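Some structures are shown below for you to check.
Here come two complexes built around chain A, the first alongside chain B, the second alongside chain C.
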Partner chain A sequence: MTDTSLKIEATSRSPEVHLDAANGTLSMSGESYPEDASAFFGPVFQAVAEHVAASEGQALTVDMRFIYFNSSSAKAIMNLFQMLEEAAEDGKTITINWYFDPEDDMMEEMGEDFAEDFEHATFNLKPETEDA
Partner chain B sequence: MLANDMYSFKQELSDRKMLFAYSGYLSEHLLESLGNSVKQQMELRNAESKVAKRVFSVFVEQVQNIIRYSDEQEFLSETKADRLSGGVVAFGHEQERNFVNCGNPVPGSEAEQLRSRLEEIASMDEVTLRKHYRTKLREEPEEQSEGGSIGLLEIARRATQPLEFDFHEIEGNRKFFVLKAFI
Partner chain C sequence: MTETSRKAESDFTLFDSEDRVLEHASTILDGLEETTDLIKTLTTAYKRAVKDQKRMVRLCDRMQEELIAVKERLEGEVKARAELAEQFRMQAITDGLTQVFNRGHFLELCNHELKARSRTEAPLSVALLDIDHFKSINDTYGHAAGDEALRVVARTLENSLRQSDVVCRWGGEEFSLLMPRTNSENASGLADRLRKTLSEIVIKEGGTSFSLTASFGVATMVGPNPACKATGADAIDLLFKDADDALYEAKGAGRNKVITAKARLLETAEAVD
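Moving on to the complex of A and B:
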């Protein structure tokens, strides 16, 4: 299997991204209001799409832990989720976990907004306290 | 005289309940710095983190709207991130409410469309706003848009009262567009 892993370190305004091809996991965490959302998320989308295509039969677990993201990032994240939902429709096992601080109603609502219309991929809303 | 003049300028901002105001070229770098200042001032006031996040969100969307849609733009390089866009942004606190008030020139030809979009948004209740946001989230971006239509919805969702907006005729067949959000 080609190694399609990707690791991007967090900055003050862009999230940490880790695609672990061997283990079939993708995680993103932190804040996201990059200077140019398409320039930041484009390569991430590309890497995940390549990984999905190259890892037939392997399940993918996605863990999202955002503190804040702007509307351009929201569009990019939705775009990524739509691609994953399509892959799930084609038979891939995909689980998306949306973690949020139970006191953060904004991130909880956004999770609900993303979760709508998922039929093939599993989308879990997961409240998580910081010291858990 | 010099101090008197500058002090009255400072007093004018303070009379308008502005904690800071910036007029001139805005950039992504400046957004980050001003945004950090918004966060710090919310922290200083011991604002609830829920409120602080909403204020920050409105601030980012408002300033990015100026950067992307101001009719006065200069490019230091070809990268979008190096763009300089003319506008004015003020962050303030008045009667227990925070506000973000922004203005920038827009082409006269785009003003009417923007006005009707904002009138539509202003007429939506919370449930309708959210439904509309969910739809926009799933749509292919409009041509030439860098995400502005969903940005206005984000501002309206985070604001705690209907958005206020206005247009003022300026030279060059342009309008000066102002959007004020209370949180």
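Moving on to the complex of A and C:
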């Protein structure tokens, strides 16, 4: 089995991304307004798609912790979620945890909004205080 | 077999056009199914696109609202800072108790006036005034009464001066006046009017009331300014030394008086003469 892991360090404009193929986890956290959203998210999609294809029978847990994201990043997140929902529809066990600061209404609303798209994957809204 | 094919051939001959129509219709129907599937796929994609668009519009609206909120908060902060900066600026140049200029800022204005008269050589007058027996006001009526006396004197001076004149708290119970473009005679007259006004006010504090008097020393600078900048500050110092000497003389002569020093023709100018 090829290792499809991916690790991207956070910058002031882009989130940290970590796909741990062995443990079946994907995490994204921080702020997201990269200069070129396609260039940033392209390799992430590719890695996730390859991992999903190569890890039949393995569950995937996705942890999202965003402070802020711009419109392009929102579109990228929607595409990623669609890909995950389709994989779940095909039988893969997928859990998505949407972490947000309880004082951040916008992130909460976005999470609630995204939650509506999932029928096959599990989507959890997780309020999380910073010192928790 | 030959029989069958012949029969089929004959059927074919009889219903040739109908068969062709049916065949054509069937082909069209097959195509319709394909088209329907395509339309279904397109509709699904379109629904998803519409949902995405609605979400993006909501997100953009939300972000704009956040931006407006941030902008308003920033504007409020900028305004508060500007007000604070102005408050600090005023505090730095104002005497806290009397709210007239402090000595530092007053001397800056004096130097500014000195520069302003370099071409016109207009007379420049100053006056120093000291509240008579201020210590006994404090001793008799208390420090709060003394503070109120200083405030009332400051306000009275401010209200009685011309627009171009400046008053400051020189220190303790002493005040100073700057009278640009005012000759010795007019400065002396103005000082005497102020002396009279001050002697007529009644100060009320803590249930008691009292009046006070003040002594004035007036000095005037005439002729050209000193040749170099370094002696400019000295020229102002000399002017106030003259005013201080005159004030001392007024105190010696029984107080509640205006003494005017002889108009000072600057030494450099005297040397030219």
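The rule we apply is simple: the second predicted complex is superposed on the first by the 132 of 132 C-alpha atoms of A that agree within 3 Å, B and C clash if a C-alpha of one lies under 4 Å from a C-alpha of the other, contacts with A are read in each partner's own complex, and residues count from 1 in each chain.
Please note the rule applied: contacts are C-beta pairs under 8 Å (C-beta built on N, C-alpha and C of every residue); 3 or more make two chains touch, one makes a residue touch a chain.
Here the structure is a predicted model, which is why all the values come from computation and not from measurement.
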Residue contacts with chain A in the superposition, chain B compared against chain C: B
Touched partner set for A:F45, first chain B, second chain C, both or neither: neither
Touching partner for A:S71 - first (chain B), second (chain C), both, neither: both
First, second, both or neither for A:E35, with chain B first and chain C second: first
Which superposed partner A:D113 touches (first chain B, second chain C, both, neither): both
Which of chain B and chain C A:E103 touches, first, second, both or neither: first
Residues of chain A contacting chain B in one complex and chain C in the other: 70-71, 74-75, 78, 82, 106, 109, 113, 117
Residues on chain C engaged by chain A in the complex (per definition of touch): 48, 51-52, 55-56, 58-60, 62-63, 66
Contact footprint of chain C on chain A as seen in their complex: 70-71, 74-75, 78, 82, 106, 109-110, 113, 117
Residue ranges of chain B in contact with chain A within the complex: 28, 32, 35, 49-50, 53-54, 56-57, 60-61, 64, 79-81, 130, 133-134, 137-138, 141, 146-147, 150-151, 153-154, 158
Chain B-touching residues of chain A, taken from the complex the two chains share: 12-13, 33, 35-37, 39, 68, 70-72, 74-75, 78, 82, 103-106, 109, 113-114, 116-117
